[in-house]
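Next come the structures, one after another.
Each of the next two complexes has chain A plus one other chain: chain B in the first, chain C in the second.
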Partner chain A sequence: MTVARWSGPALVVAGVGILIILILRDPADRGVIAGWIVSDAAAPARLLPLIGLAAASALVPASFALAGLAVFSAGVLLGSLELALLLATLGALPGAESHLFFTFPISSVAAGLVLLAPSAIRQWLLPLAALIAGAVLAVATKITDPTLHDPAIFVTGVVVAVWTLVAVGLTVRGFRRPWFSIPARILGSWLVAIGVLFGGAALLARPPLPELPPAQPTEALPVPPPEDAFPDLAPPRRDPLDLGADGLREP
Partner chain B sequence: MWSRKTDERCSWRQLPWKWLVALVFLIPIGRVEAHPNILMNYRVLLNFQNHKIDAIGESWTFDQTFSQTLLDTFDTNHDGKFDTEESSKMGDTVLANLADADYFTYLWSGPERVEDLVPSNFTATLARGVVTFAFTMVLPSPISPAHVRLEIKDPDFVVLPEPTEQQPVLVRGDTGDCVPKVSDAPDAFDFSGAFPQDQITVRCN
Partner chain C sequence: MTRFDHMCASGAFALALGGLLCLIPDAASAHIIRGAQGGFGSGFEHPLTGPDHFLAMFAVGLWGAQMGGRPVWSLPVTFPLIMVVGGILGIVGVPLPFVEVGIAVSIIALGLAVLIAWHPAEWIALLFVSVFAICHGYAHGAELPYAADPADYAIGFVVATGLIHLCGIGVGLVLNRPLGGRLCQALGGVIAIGGLYYLVA
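Take a look at the complex of A and B:
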């Protein structure tokens, strides 16, 4: 019982400790994945809805909480497999591409509504919110990938999310009191309000800008000149069409 | 006394909203993030043999930020350039990761998608602060240029590939009277112009 009670706080302490170590490291020495954890995977916008969802899962029977975690995983899988469809759907909203396709407000409102719901309904709303949160987490993870599709980024994003759900969920469940439903509703109302405010502010139509002078052309990337575009496909220059046994060949 | 109590009650009633406002403005949850993350200029080489396209070459040049990421990751001896071993390791890693994204290369011959394109001869060079990849793809069988359509795109919308301003398509070999053309891809979902998608076709007279 003691182990079950303190396993959540232990995970929280371990997670926060790892995050602090990563934050304190020189950004130049962090590496790509650690830098992405600090800037994206463990950013408040990513963790806040998960914390809300975890708190909600701690207020329902354990079987529903486990089902919620399983459905969250299914949502991650769904979001990963149907990324193009989700991006096309969310991309229809104005400003979507500059607001992470509204992944934060969607998951925030979903988690908040579960916390706000009456106890009898909460356990049935949890899987639906978990599915939505999982799917948008997959979208947010994929579109903030700082690499060329390194699978380690996606795995890391999912691990951070599941760690947060389990750590916070076990902590709240281990120390649960009857009056927890009151702060749960306060947290829920905050999540809904923050999600609506953030999403609404991004969606609000902006007044047209005054006529501006023509924009200066942006500096193009220093692309190699055409004759140097394929250096290894055409060596040596004296015979630029001999492109090697496995490369391009000239008749 | 009564007045003070009233003030305290007002204060407590307002407190959650003060916290809400503080959360909205102080926590960087509203950070606006523009996408895509990585900008890439590409140039394509179409190789002709017997009036058919039998291979393509691609050259990708990345923006300074991502180029620095590549340098930090793969320039293991920190000499500011990629030697053969580093370039080879980068090619193995990057191309393995891009296999599921079809190496951003989507080629059609008429209505049929040309699949099983495998890159080879990968090289990475660093010049003027940007990294350029170059590699070759030999087609499984030569295809007629008149019906070819090529799109360079990232299905996850993380990378924004754009053709180079100057000579985005080069041709080599027995081209006959075929001329490449870059145009807007039809039916491409471009997020209201945020992700413009181009296609390369060949016009033969």
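Take a look at the complex of A and C:
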């Protein structure tokens, strides 16, 4: 019982430790896979929905949690096999290409709704959310693959995701208390809020600022004639009628 | 440990975490647009370094804890969900006049609710909080499209908002017992005075 209870925290500590080691390494020496783990696989936007899903799986009976994990794996498989279809579907949304095809808000809202749901419904919603999260995780992993073809990247992404699900799920389950449903609902509200807000920011373009009226031509400043432009440098001017006492013009 | 002790421990943890993060130096202003925002760190410190946001969200948790029962979690759950509505309004650019005034009034109102230990029906409390959540969400939403990394920015500030709520809940649960809850009420009064300052300033 003790081993089962502490296996989750052990996995969490191991995962965080590996991540810290990777982060502390010189980026030039990380290599492609390690660099991708730091920048993409372990990014907050990738992990947060998985943490929510894991927390939800810990609040349902163990059989449903295992079913959720199996359905998540099926979702990953589905996402990788039907990548083109999913990309075409999600790509129809405005701004999809620049927002990772909305994989983050979709999985975030799905996980959040499971956490927010009443206990009786939660266990039935979990597989559906797991399927969605698995499919969009596959999409996100494929489209952020820096090598474009290396299967190791995809496998690494799936391993990180499953590790997160299992580690967090076991940890929460091992220390579960009746009042856990309170922070679970609060976490669910965060996930829904984050997903909707991010999706809204991406989908709803801010209206352009109203154009300023065309500038009115202002009255031109008086420009002195060229000979008066630099009065200090110009030769002294004489009035043509400025004659001397003898009636002759002064030289 | 009892449920109360667990909640106190959670609140103390949130308080300590929030306090540590508050030590990150930054300008103590919350909105509206100060230029390009960053990612997670920028979003996380945003509600923590803006005392007006902090006070309002802290008061929500405090008030929920003071009421007890379902409002302990229903208020902090409702706040970010309704905040999203305000955020969407801000993103779309729907004009919402007097947002800053609304935020200041929210601090005063929530502080007064704690001060007088107002225990309305739950739906009234949710409605009360929702109105102010719109103002706070609007201020955040107006900034979100300009964030360098909107996803991490959104994660950061929603998580920080939630931690402030938890902090308020923890403090509320602790202060509700001694002196018949008067300490909690006094804290509400201090928050209301803070709101008054923002309204005037």
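Note that in this section the second predicted complex is superposed on the first by the 204 of 251 C-alpha atoms of A that agree within 3 Å, B and C clash if a C-alpha of one lies under 4 Å from a C-alpha of the other, contacts with A are read in each partner's own complex, and residues count from 1 in each chain.
In this text, a contact is a pair of C-beta atoms (placed from the backbone, for glycine too) under 8 Å apart; a residue touches a chain by one contact, two chains touch by 3 or more.
In this text, all values refer to a predicted model and were calculated from it rather than measured experimentally.
In the superposed model, A:V155 makes contact with neither chain B nor chain C. Once the two complexes are overlaid on the shared chain, A:V32 sits against chain B while remaining clear of chain C. In the superposition on chain A, A:S98 makes contact with chain B only, not with chain C.
Once the two complexes are overlaid on the shared chain, A:A62 sits clear of chain B and of chain C alike.
Legend: residue contacts after superposition of the two complexes on their common chain; A:W179 is shown touching chain C, with no touch to chain B. Using the contact criterion defined above for the overlaid structures, shared-chain residue A:D145 touches chain B, although it does not reach chain C.
Within the superposed three-chain model, A:A88 lies in touch with chain B and out of touch with chain C [touch as defined at top].
Within the superposed three-chain model, A:A193 lies in touch with chain B and with chain C [touch as defined at top]. Touch criterion met: A:L48 reaches chain B and chain C at once. Looking at the superposition, the partner that touches the larger set of chain A residues, chain B or chain C, turns out to be B.
Shared interface residues of chain A, touching chain B in one complex and chain C in the other, are 43-45, 48, 99, 104, 186, 189-190, 193-194, 197-198, 201.
Chain A contributes residues 43-45, 48, 99, 104-105, 116, 177-179, 182-183, 185-190, 192-194, 196-198, 200-202, 204, 206-207 to its touches with chain C in the complex. Of all residues in chain A, those touching chain B in their complex are 28, 31-32, 43-45, 48, 83-84, 87-88, 91, 96-100, 104, 142-151, 186, 189-190, 193-194, 197-198, 201, 220-226, 229-233, 241, 243-244, 246-251. Here chain C touches chain A in the complex through residues 3, 6-7, 10, 40, 72-73, 76-81, 83-84, 87-88, 91-93, 140-141, 144-145, 147, 150-152, 154-156, 158-159, 161-162, 165-166, going by the rule given at the top.
On the chain B side of its complex with chain A, the touching residues are 16, 19-20, 23-24, 27-35, 37-39, 41, 43, 45, 47, 49-50, 54-55, 57, 59, 61-63, 66, 69, 72-73, 93-94, 97-98, 100-101, 120-121, 123, 125, 127-130, 132, 134, 136, 138, 155-159, 164-167, 170, 172-174, 189, 191-192, 194-195.
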